[in-house]
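Before any comments, here is the structure.
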Amino acid sequence: MYFLSDNTVGASPKILDAIVKANAGHAGSYGADAWTERVEKQLRGFFECDLDVFLVTTGTAANALAAAAICPPWGTLITHRESHVIDDECGAPEFFMGGAKIVGLPGIGGKITPEAVHAHFEAEPGGTRRPPIKGLSIAQGTEFGLAYSPQEIAALSAAIRPHGLKLHMDGARFSNALIAQGCSPAEMTWKSGVDVLSLGGTKNGCLMAEAVIFFDRTLAEDFRFRRKRGGQTLSKQRLIAAQFEAFLDQDHWRELASHANAMARRLADGLTGIPGIRLGWAQQINEVFPIMPRAMWGYLTAQGVKCYDWSETSLAPENAVAPDEVILRFVTSFETHADEIDGVVARARDFAKG
Amino acid sequence: MYFLSDNTVGASPKILDAIVKANAGHAGSYGADAWTERVEKQLRGFFECDLDVFLVTTGTAANALAAAAICPPWGTLITHRESHVIDDECGAPEFFMGGAKIVGLPGIGGKITPEAVHAHFEAEPGGTRRPPIKGLSIAQGTEFGLAYSPQEIAALSAAIRPHGLKLHMDGARFSNALIAQGCSPAEMTWKSGVDVLSLGGTKNGCLMAEAVIFFDRTLAEDFRFRRKRGGQTLSKQRLIAAQFEAFLDQDHWRELASHANAMARRLADGLTGIPGIRLGWAQQINEVFPIMPRAMWGYLTAQGVKCYDWSETSLAPENAVAPDEVILRFVTSFETHADEIDGVVARARDFAKG
Amino acid sequence: MYFLSDNTVGASPKILDAIVKANAGHAGSYGADAWTERVEKQLRGFFECDLDVFLVTTGTAANALAAAAICPPWGTLITHRESHVIDDECGAPEFFMGGAKIVGLPGIGGKITPEAVHAHFEAEPGGTRRPPIKGLSIAQGTEFGLAYSPQEIAALSAAIRPHGLKLHMDGARFSNALIAQGCSPAEMTWKSGVDVLSLGGTKNGCLMAEAVIFFDRTLAEDFRFRRKRGGQTLSKQRLIAAQFEAFLDQDHWRELASHANAMARRLADGLTGIPGIRLGWAQQINEVFPIMPRAMWGYLTAQGVKCYDWSETSLAPENAVAPDEVILRFVTSFETHADEIDGVVARARDFAKG
Amino acid sequence: MYFLSDNTVGASPKILDAIVKANAGHAGSYGADAWTERVEKQLRGFFECDLDVFLVTTGTAANALAAAAICPPWGTLITHRESHVIDDECGAPEFFMGGAKIVGLPGIGGKITPEAVHAHFEAEPGGTRRPPIKGLSIAQGTEFGLAYSPQEIAALSAAIRPHGLKLHMDGARFSNALIAQGCSPAEMTWKSGVDVLSLGGTKNGCLMAEAVIFFDRTLAEDFRFRRKRGGQTLSKQRLIAAQFEAFLDQDHWRELASHANAMARRLADGLTGIPGIRLGWAQQINEVFPIMPRAMWGYLTAQGVKCYDWSETSLAPENAVAPDEVILRFVTSFETHADEIDGVVARARDFAKG
């Protein structure tokens, strides 16, 4: 019963098979290969627009390179104060941006609101005391399992445009958020004002496949040099491209992410039926954040259930964690079995019954 | 007849198989997996010493991170003036070093001599006009197909120690150089004074496997943070580790590199038997640099032979390329067939016969 | 009645005279001059220890270079969440540190406590998610006019040493804090654990004179290169050195700062005697932070009193600003006249009387 | 007889007096003062165009900030291979550019030719192996005392425009070069295609006054943030502005530089009349580069003549230094006396006579 993350499993059989098939023969290095070309075409279809694609090896690199594309070294990037780019990437965004500042904004469930953006700009002192704010980075889904609706994204975009900011979306769990929102990829990105997207494949069934996608193609100018300089241009790039090709082919991504989300839903439904358990934030993607008695967590751990305890800072005030409670994060994946879910729920119920 | 590079083929069957096998099941992310642990142990055996290993995704990243580990932002890294780190990595070393300066030294065949190092230090003006020299980076083999002997490496190490420099070896073709020298991995590295090594797997049969290896382990302090910040810490690191495991297992690397070197030897032997062809530099690893009539190159190209023309700056003066000549680079790989070699030689001979 | 800052006046007559006198004749450039040599000797006497001194042109440069000397590009610098280095230097510390992260800690009146440091370390997640914390920067005095006692500084030093951090002191108003504490320069710095100090002269009677002073001299290694690379090595450095020489000569700094502090005391005493006015934080240095009715501020402004309204985030909870109140910052300088002080107090009293 | 540099003397009496006068009273900090406003107006008149001005403290900072304004972190700046920005600024340009690469081009007397620019572009390999070339930096005058004519500058500008480069002029000795060329400031800058200029005052009679001047004002966007972040925004900026005001007032700069140039001419004329002495490069500005017998230099040194020996790499081949010869640099300043010149010449003549 392993729910630590969705990056602890390998690739889906179909994607692994694509790697094996792509291995044969000569291919141009550094992206001059047929797989890369096909993936670029697929992504234009997927997003229903022209765009620029750059394959990279990690989500951290994708986010950091994308941040650098919208925020110069002398600028400020705003994001949620508990976002992955602030808290979990060991300063990679600052490094790739060349020393720019990242400033965190508050918000329930890891989501930034237009009101928070407005308040932040109103509090700016003017003059040259602070590096000018150049970009906003949001996570879809957030560190707390929530997904912005296209309307919410569009409202954020509207809030930042008068200030000249560009909008980046960290889509490490893009597939899961897309299914949660039930909209099209285009609606969730460029139609709502997203300029650049980190599209994650690794957490949804690839072994290592991430992409930086530019809807505002002027931002992609020189990006091939930035990627190379960032150590992210693979000589045998077909390794990544083949994964994305299989990922996108016949909506394989949807199959994978739907399963992961469904497993999370099953877990959320199961747990919330048990006295003493409530959710920190609504279950929307492939993550569940139950608040439960600390003793129950101890019991589950002893029974072999693996998950992380989580930050409670971003909870709504009325949903605060009591001293004898704990908030946990369960992540499901394309490989999670219903049996595992049911096992967790059964054990929690056992404990609740005493 | 494809000799553009050794990074245009996929992985060897054994290494590909290792990827497939490693794909199953849960494994700790970011390197907390059994494959990584085994590879670290293997490498300690391979090099006959304790050491620190960090797996990364590209040779550019390996070199740039290693350079940063021996040269601070306010320092200077010296290397050959036509080295890969100066000419072919799009400024990645400067980026990862945080703006340090790279200064190129002259030398035949891409090799730096102790004399060149001494001369460089003697010409330094003192004061604070120049960033202090902190590291030396050498390539094994060089951009011109040569490999340093352990004695040559030790002499370089002796030349830089009084100035406090650290020594980095770019081992993108480490396997090929090792076979060429016929010495042990230890003799070619730490026993000769190498502090940090970029060990390449990608060009010798892996799909994407590079490692930064610290013999001077004090340099590895904080390196896990630097790697993460550099976007080079894979969540599913077993993807790289499994390749290295197969690469090292039962001297598979030797099998691969020996074949590639033998194919280069076959090509060198074949070509130098043809009137009008001589070698720019001795064939030592899996590269051959014939100087031939420009018209012959045109003929070979028309016949489907693919290779690059190459820089002549690093030739010995007595070996200069005539106006009607051209110098070419042929790279062989673990997959190169003797038939391909013989095909090139036969066509060159045909042309020479008129 | 001008209280916007202590950097809006020129130099004291004695210091200006020193510039004029130093102007004559040839002198070695880039610090190889007699003034620089004398100042270094003076500072060793002033601090009663051996040390390394580097003169620079701005407080921002002094802080940023000092921060870089204690925190590498892949590190984290902790400081107060409303410190000058976070909020007012336009990202200079991030730039000079090469992209390191700055994280702000809470604390009343801009002061960090050992408890806040402990709490911060306890909340760190471990692993490689965050850049390792390498340094602590404190301001003496703070952005809210408070000065740490030597005991407080020593307690902070004790709190960070087990974690390997180095301690920087931003001493833009060092003279004022020193007089407020009534201790020796040595007691307020290295005897309490300060490793590197930004010593400000500009705000206390110089035209442009700042120094980075290393008590931990191992940190000063290579610093001359860092300073030059940072554009901070003046060819005619005697311009700065002559100012510091006069500043230190016969305790001129004490004369200047004592006056400024006394004027602040006079203002604090005058204002707190008026109904409706209280201080946000105790008056300790040359700054006064009265909380007063917003209407009173309007009246003072109309009467020609110039000062800034200020942040209330760092107030003690019991001292919160009411909706109809405002908190202001008045800064006095070596040139402030008692008449100006009395003028402000009289006008405030007039308003209070109605 | 002191000819080591033109930065070893203080300020001219008029400029020193301006500092003294500017010292009195309150003034807005960080450039919000009347002196700064007046200087900006003066410079618009001086250059006969609209422009943006940013005062800074060192020539190194001016060049480094200007370089950063025309070349992004992922770009390449080309300049002469023995230029000040490559050889004498301790990596400041690389630092301020954020890790960009500087590549040196050859050329006699420190001057770059359109042919050298063309040759460099032709040799570029394409692809992403090298950071894209974004800017050209030339020195007016060069490290070897030569000044480009407006026609030469325009030809360089024409050579780079098709490649999208911007043109920076390092004008540390702008005044001297301007007098040497006998043209207008406008002709020597924007009318010839210069986009951004480092205008030096320090070497021509100021204590510390440098300016970055943007003729292409789009490049100045955000530059106030970059300057502040670079630690170059003085709180009491009137210190610099007052110097420039006096420097520009009534052509004081011309008076100072004409004298320095005339002294250099006197030295050049005197020395070239002596058997065994010839000039390395023509005397054009306030520098003289005699090639003389090594023994003569020994004699002069013993007689108290102070100057540097200099690099011979940039000599025309036909003017090479013989083994028993040496090439020297003499720099004259606004304070150099004719007596000093005559003293050097007399001693050289004495030696020549035996």
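Per-chain residue numbering starts at 1, and chain names A, B, C and D are given in the order in which the chains are listed.
Keep this in mind: contacts are C-beta pairs under 8 Å (C-beta built on N, C-alpha and C of every residue); 3 or more make two chains touch, one makes a residue touch a chain.
The shown structure was predicted, so the numbers you read here are calculated from the model rather than taken from an experiment.
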Write down the chain pair with more C-beta contact pairs when A-B is set against A-C. A-B
With chain centres defined as mean CA positions, report which chain is farthest from chain A. D
Chain A and chain B: spacing of chain centres that average the CA atoms, whole Å: 36
Could you tell me the distance, in whole angstrom, between the mean C-alpha positions of chain A and chain D? 51
Distance from the CA centroid of chain A to that of chain C, rounded to the nearest Å? 42
Give the residues of chain A that touch two or more other chains, as numbers and ranges in rising order. 73-74, 89-91, 95, 98-99, 128-129, 131, 225, 228-229, 233
Overall pattern in which the protein chains touch one another (line/ring/star/complete/other): complete
In the complex, chain C touches chain A at residues 73-74, 76, 87-91, 94-95, 97-101, 128-131
Chain C residues touching chain D - in the complex, by the definition given at the top: 2, 4-5, 7-11, 16, 19-20, 22-29, 56-61, 64-65, 89-92, 95-96, 202-203, 207-208, 225, 228-236, 238-239
Chain B residues within the chain C interface of the complex: 30, 72-75, 98-99, 127-129, 131-132, 222, 224-229, 233
